[in-house]
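Both complexes shown next keep chain A, but they swap its partner, so chain B is in the first and chain C is in the second.
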Partner chain A sequence: MIKQTWITIRTPLFSYKLDKRAPWIALLLLLFMGIVLVASISYGEYHITPTEVLQTMLGTLPQDHPQYRQFHLVVFSFRLPRIWVAFWVGMALATSGAIMQGITRNPLADPFLLGVSGGAGLVAVALIVWIKDVSTTVLPIATFIGALLTAFMIYIFAWKNGGSAPLRLILIGVAIESVVGAFTHIMLVFGNINQVQQAYVWLTGSVYGRTWAHVHTLVGWLMVLLPMAFLCANWLNMLNLGDDTAKGLGMRVERQRVILLVISVALAAVAVAVSGTIGFVGLIAPHIARRVVGASHQALLPISALFGGALLVLADLIGRWVISPSELPIGIVTAMIGAPYFLYLLYRGRNG
Partner chain B sequence: MTTHAQSISQNKTRILGSRFWLLPGVFILSGILVACVLWSITLGAADIAPQTVFDAIIQSNNMDNLQLDSQTRFQYLVIQTVRFPRVLIGIVVGMALAVAGAIMQGLTRNPLADSGILGINAGASFAVVLAVFVLGTPSLSTYAYFAFVGAGVSAVLVYMLGSMGRGGATPLRLTLAGVILTAFLSSFTTAILINDQQALDKIRFWTAGSLAGRDMSIFIPVSPYVAVGLIGALLISRQITTISLGDDVAKGLGQNTAWIKGVAAIIVVLLAGGAVALAGPIGFVGLVVPHIARFIAGADYRWIIPYAMLIGGILLTVADVLARIVIRPQEVPVGLMMALCGAPFFIWLARMRVRR
Partner chain C sequence: MAELHAQNLMLAYDDTCIIPNLSVTIPDGQITVLVGANGCGKSTLLRGISRLLKPKRGSVVLDGADIWKMPTKQLAKQLGILPQGPTAPEGLTVHELVAQGRYPHQSWLQQWSREDEHVTQEALAITNLTDFADRPVDTLSGGQRQRAWIAMTLAQDSDTILLDEPTTFLDLAYQIDVLDLLHDLNVARGKTIVMVLHDLNHACRYADNLIALRDGHIVAQGYPSDIVTADMVYAVFGIACTIIPDPITNTPLVIPSSKAMNSKSLTNSFNPQPSWVAIRG
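So, the complex of A and B:
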């Protein structure tokens, strides 16, 4: 038997218990993140060496360096914002996916199960196709609202006799998503081709041209949502025992499930609003995390988040590198990484 | 004891009662289908009287011997070369998708399975987009060939991927492999479309699923495959019922499950591949129609499959009519119309049927 050791934190408000390995893994991930971050900033058409990147970021680059101003511009205005966006979006999607998988007890559930991507997509495509130059501040807000409204609608339609059975939720989710998808597609078929192409890029998920304003919005929301998710992690552990056992342990199952759903949907909606629908992260990151730290959600959620963040930062670098000077949207890269990973799982046969 | 006996007798009458209605139901649905076909043909840029439609179809073989004024001759020609082929293709596509979906749901015991699940739609789309990207402007019938080949190749791939590893092809593995391949191929499709605006412009109507501009030159090469698929589906419907009860039960009843699964998979590829070649990737029919059929006909696939066939044909014909008339003179791709009319019904069904 492997002797499992735990770290336990107890306060009057909450208690927290996680695998002893979790902090070390988190540290390792952050280290990896740091390396990829520096590599990613240094890579590009305007090349900057890693040491110069570090110097610029730490502010130790001498003022009289011949390229001082260019370095500052490239690092802080062009490259760093998009990388941060990728990182935070990855965190949000991975956490959201881990919660969704916990609620539905289905390892294949992803953050977009409740129509978040469909609703956001409809609003985004409508704005991009109808209003020619939609401002970058309006788009995230509108898509965020679209995502939440769709999720809410699915939940309302699935509500019956004081409950929302997971199967009914999924079936109605599929139906509503297909209606929303049909409207989106109609606009894609009849819209002006230039705008349609732009809309396609958005639908695939991209962090191209994202600015500090996006980063601030993301961080603002996630500073509230992520801690909430981590604090509710124990509910997921209990839900995984089955509704009856969870009730026996004193959970108000339906109510706490709704709270978890809201957190998960909000996380996904924030991410989608800023970067479009990036697939696979919400599916893969929790999978990898589960293999490393086990199924207890208190360690699983934060570690998934870090895996998701690191994964997207890496995917962003790959997307800029693989067909340079042109670039591949980050959502395509995640699918190209994600599919082989799942095939490997399939081959190992641990999922059957 | 009495209550038990009562419930048994009630069950009996219910089963007999439902059986009693099933056969006439097939005739009623066939009647509705024929009516829909006539209705569909009368509507168009110029509306044509139902009597003329009927005559034109009956007389299609001896046009030369008829004494017709020029307007009627023109109408006959429109019906025979444009409208009738289109309706026919619509029916065949609807039937094929519905039956393919029913078989997939029975085989994988997954109520959300449809023909797209074996990666068939994604494979077809990828092949067609690749064809446009490489060849420039192929004709609609070239699309059909590429779609069919793409669908076949990706289905075989999914089957291979799903059956590697320990334990062979389980429903879960097949589903998983289908989902993965779909995501993988669509990412390549999108990558091409994002970088090639011309290809995107040419292909976007096709990717939504449409019957516009389809005629006999596409129908004739594809229809034999679909016909074989449909007949095959009817022939193995009994075995599918058994398999839908679970592998163990089926084996216990002496069925060679691996063999049946293989045959069923081939049938699904023929049907779904044929449908996507004819009309592009149309969703929703394959998912929803089997549920409607099950709602009417119970759990026996000997009834579910013919019902799915008829309902699929009717639904696609009606959706195509609506697709043509809602924003005249333009038309909405039928695949989208399908989702718009089908979804409200499906939501109602899900609310009615899913109790827990």
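So, the complex of A and C:
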């Protein structure tokens, strides 16, 4: 009898196979997340002890506590929303990256492969630099549309002979991204210095000043997109065997690849719309997840998501701590953690 | 009974026509082997009859139904195809690979039924891979790896299995190992097997039905002993040869002529039975 390395979930309507390690890793990650979350809420110029944080969040803080109102304000209005934004954005970007890497069979692919960051960036910079006071409700919608349009354009250009070969997607993606990037830079060069600085913060990615409205937008979208992604995980396993094998097994390769691309681009676009372009999470979280739970996407997607979420919550805390009382944008922190890890991966790859 | 039939097939890549007009019937329950020189269109024909390549003209019919009009999963339940030199993603285990063969039997919600589990185990057992089930595919030897891919097509549970050069890149022992496995699948389980092979002697040994192609046309088709002649080999491969009975299977054994025969055979002419002639097993 073979050693079983997976668990089976089976009801009359529904059956699913999952790597045995996945639930435990998920539990560990959630635990880690919880600890970082409490530490992150507790840390700041206005200090609250972890116990008080827990009491406030669980509603067990006595009403007659001298700082009851301040605690509520700081925990629920100032710190929790941005941390939630970081968590959900991390989940979205990591899942998006894992899907991109699966579709292209390329471990260097990231959520922004199809120009999502470039498209969103162009629209955001254009709005910030030209229209000046952009309302916080318009910016996410506009960037979302910009991201989707760019992705769509790249896909159309990559289409040839009734198919879109992954390699063509990558090359055309790089080309369009640099054209779009050039336009963005033109605007930055000729823009007013104050707006340009604001635009730069957006471009590096930040969760500063995000509110519950942002959290609700994010969660609303992700409640639809993430389950869809997880249910389509097996298609990625199929694509990973190569187009011919997948076709031979009865997969409608081109159609299902498009559905996966749309899910991936939408995930990245939602994240970018709320927090700007936060790099490296979408590249690195799937890498770590793959080493922990293996190559099968049923486990890889949710575990990548949790790694991405935890990573950004941690990055947010580091960003607020490292040069306090000022703070580093989260996108810079992820680049500073991500780039060395990435070099390490390449170094290992060279020797392996 | 599943009969695969191609009618007036024209296959081309972009503007390069590989097969201008070809009709062929694949006999049910037999091993059919496609042979021919490089570029003769044998792999293209295999892709054409397995829906990997859309024909410019003509049709491929399985059990009376056009394979291009069937739902893709329904076709996959009847017809499995193993492409040439498939590669598994890093870290994928043998069990995960073989389980992937169940795809046509699954749906969005039913992704791992009891039957999926059972058939996967059986495919592993048939290919002697049960002990390797949790090993990553990329750590296996070439022969075991090919068995794992064959196990995947077995899990697919189709009556017909098409294979594009299943023995390339394998050393001699593994080539025989893989071909014997396919032979067993045909004899013991009644699978119809269609494969492209490079080695004409292997083809003669294992084929019930040999199809020889040249420039996109069928030069000869039939039982190897009936059709393999020196003239036919010359017509297909453009080489002169001698054909003797294979001492083990009694099938045609094709021995190509060579310039080496002038210099080397003479040195041994004093010894009609060279010392290395020996039969083991």
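Throughout what follows, the second predicted complex is superposed on the first by the 335 of 352 C-alpha atoms of A that agree within 3 Å, B and C clash if a C-alpha of one lies under 4 Å from a C-alpha of the other, contacts with A are read in each partner's own complex, and residues count from 1 in each chain.
Definition applied: a residue touches a chain if its C-beta (ideal position, glycine included) is under 8 Å from a C-beta of that chain, and two chains touch if they have at least 3 such contacts.
Keep in mind that what you see is a predicted model, and the values were worked out from it rather than measured.
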Clash or fit (per the criteria above) of chain B with chain C on chain A: fit
First (chain B), second (chain C), both or neither touched by A:L73: neither
First (chain B), second (chain C), both or neither touched by A:T8: second
Partner chain(s) touched by A:N234 [first = chain B, second = chain C, both, neither]: second
First (chain B), second (chain C), both or neither touched by A:Y16: second
Chain A residues touched - chain C or chain B, whichever exceeds: B
Partner chain in contact with A:I259 - chain B first, chain C second, else both or neither: neither
Which of chain B and chain C A:I156 touches, first, second, both or neither: neither
Touching partner for A:D244 - first (chain B), second (chain C), both, neither: second
Inter-centroid angle chain B-chain A-chain C after superposition on A [Cα, multiple of 10°]: 80
Touching partner for A:R290 - first (chain B), second (chain C), both, neither: second
Shortest CA-CA distance between chain B and chain C [superposed frame, angstrom]: 9
Intersection of the chain A residues that touch chain B with those that touch chain C: none
In the complex, chain A residues that touch chain C: 2-3, 5-6, 8-10, 13-17, 105, 161, 231, 234, 237-238, 240-242, 244-245, 247-252, 290, 294-296, 298
Chain A-touching residues of chain C, taken from the complex the two chains share: 14, 50-52, 71-77, 80-83, 86-93, 95-97, 99-101, 103-104, 106, 108-114, 116-117, 121, 124, 130-131, 133-134, 153, 156
Chain B-facing residues of chain A, complex: 108, 157-158, 160, 165, 167-168, 170-172, 174-176, 178-179, 181-183, 185-186, 188-190, 193-194, 196-197, 200-201, 203-204, 279-280, 326, 328-329, 331-332, 335-336, 338-339, 342-343, 346-349, 351-352
Contacting residues of chain B [partner chain A, same complex]: 111-112, 161-162, 164-167, 170, 172-173, 176-177, 179-181, 183-184, 186-188, 190-191, 193-195, 197, 200-201, 204-205, 208, 283-284, 287, 330, 332-333, 335-337, 339-340, 342-343, 346-347, 350-351, 354-356
